[in-house]
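Read from first to last, the chains carry the letters A, B and C; within each, the first residue is number 1.
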């Protein structure tokens, strides 16, 4: 075994609840670790024993095929034992409270919980009540930190850096946990961030997060190096936030004509699932600017990195790191 | 490397997993030069490496299907050095690779802070049917080599695997022995061997640090 | 309630109803204030309470409490709530009608009244619903409710969404001179929000309730009060816009009284950070500018009543994700301490003004007996140690519930004896 003092990554703490509470050093450490882990997914045996004998529960109280599958791949490639529960198969529908669900899982001797839940703050709620590591896989409209991280990794892959880049988040920022995680992560790494969408879908006081607000997509494209196009939930029309999908596409849609009219070679991300022809046109989604499929690939690597960095850490040391901010 | 014990504490009605350092764990200390002792200078290491390169070729019967895989970090530098040496004497550039065994460590889940994971990069041709020489700087407990063997097995089925180390300090905890050794380096209790390589340390040499000897 | 006469001797009597702030004695006989003045003599049977160094005020009145009975007895009962009231120095409380079933009939009004009398602690005055089942549609029988003992009508917790219904409620209440107490909220603007709209809500990913949700409704109800000449009582004003509009309405002679809640003049939406459900209430905690406007409203009398909106909830109900937890906090046992510490000690108002906002004006606003220590008034007295320093420990609450955002706060000022109808209902030494 190597004998000299080894290099260690900055501790993340017990849980990953959001990017707002991570330092620049912690975020970079996750990205650098994910960079190493990309290679595992192309090995003949796509599996390492790093999390051998660790039991992870994917508790998805809200539908999400893609995030759940991505976590499951990441867990299995790290050698963990995993169980996934979703709303239809859980006792949540029988009126069991979140805290009882958590305690039951804990009583079965698990090490980590990946939680997706429709209530903002639910991941923190769980994390404060059980000793297992908790990873937020999307809590209401709050954060989706692993999505934010994979977006950062994808941007860095293509532009070589995050610092100084101009990134505009387009669409339904109001309801988007992806937007919040992106804003915190991008700002922490020194990007300039903007949001663009109809005012009905932008949160109050969003500028106080340190972002620029564009009313029109043309202005956003004129400004940006990177567009992160959010999914427009179709029910937003029924709730009256926008009058029609058709008009949304006309006014805010990321179309080929708009992208090509821009002054720069844009990089275009989308967290998926896409509504083709609504927030993004197919020839953009499938075109040369799009890195959407690479986001999916990077998602597995980022989640492997998060699983690795959270495992085995010491809570009190991690808290000290968090209190101290950037190392 | 600090050793930790997994324990469970009950605090405020909740149990938290905490890792206590074992009391006898020596804290990593910065050793002053007076506690360093050179056991191989640059010339000695160069001579040893030249001999090891020859031994590799002898043991593998030439450079046919030969792959040198260094263990991150200093093993990687040494593997490249050996490959260059073989290139000079045999006129063939032997493919090299790097292996980071962190994710295969048997103590990974009990150590506290997460080790930084290095690059694993095997030659394009892979290792199936190859004669793979694992190169590392120091051989001690044998646990790193055990991890390396496991990791290599996930990349393919080499025809043969050899172990080549610059310094063997003894103290094995697993039934693993090196095939090619630069030097036997006895180490006093509490001390350690440090191999210096130009790519990482700026010089070439082997030193014994600390200990009560 | 005919107990031994009580002579409260040597206390600093602060009674704004008669402009009094002096060290005098107060003699309580047969449930009424018999005499007030210097050097009163005590007969042999009189209990003499040495109040030197203490402050003696007319009994505190809280016109906005949720006692949860009937239907929510796991949160609070009329008895436990009345006990929490006297522990906080309150001699009278007005119970909100949003129980299960709601207090919308003479029978249910009578139930609350009887349970309050049975408890024999603070005086419990029932309120009745404005509309049947608080549905905002058909008016309740205001006359019957008043005759049964309701002191006001309110759909508290829910707004009366129809302006037409509200107009009729204000007009119909004129016959009985009943105040109409209103929870002002435009639900289509609140949009299911769970906290103040602003940067904190945006960061936490919680749907925000804009100030306009409250302001629009306050504006509407002030206009309707002006139109009808009805008695409007605006509950728990939390916005600067609301304070300004009420101030202007009072200036033009609209009959309106208005409440400030201790949490709205002492906290902002930052208390919600980390998704603290004990800081979730409706109307929500708002910005520092709103908090300051509420303080100013209390100071200049625009908000003439301090009321707690005491809203107990069971531990399990608050132990949920923020959006799933119910609104409301308990307030009876912290109200005076928070108000004294945040308003008097910080120089916003003097002690006499605080007593006015917590006793005299609330009694007057809803036409309750009390709120004064004039001879002949009910012998409802609160004796306060304004020098007492104490730390809020929810585990020690008399209330059945613990949901307070003030846990751990160090407060100054606490009731040491609460006398209702001449009988001691609470005494700090007796605990």
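Note that a residue touches a chain if its C-beta (ideal position, glycine included) is under 8 Å from a C-beta of that chain, and two chains touch if they have at least 3 such contacts.
Bear in mind the structure is a predicted one, so any value in this text is a computation, not a measurement.
Traced through touching neighbours, the fewest hops from subunit B to subunit C number 2. Most remote chain with respect to subunit A, judged by CA-atom centres, is C. Comparing the chain pairs A-B and A-C, the larger number of C-beta pairs in contact belongs to A-B.
Comparing each chain's Cα centroid with the centroid of every protein Cα atom identifies chain A as the most central. Subunit B and subunit C have Cα centroids separated by 74 Å. Centres computed as Cα averages put subunit A at a distance of 37 Å from subunit B. With centres defined as mean CA coordinates, subunit C is found 45 Å away from subunit A.
Against subunit B, the residues of subunit A that register as touching in their complex are 1-9, 11, 29, 32-33, 36-37, 39-40, 43-45, 47-54, 78, 129-131, 308-309, 311-317. Residues 1, 14-19, 28, 100, 102-104, 108-121, 126, 138, 140-141, 143-144, 150-151, 154-156, 192-194 of subunit B are the ones touching subunit A in the complex.
By the touch rule above, subunit C contacts subunit A in their complex via residues 197-199, 201-208, 210, 274-275, 316, 319-324.
In the complex of the two chains, the subunit A residues touching subunit C come out as 20, 97-99, 117, 119-122, 124-125, 139-143, 177, 180, 203-206, 208-209.
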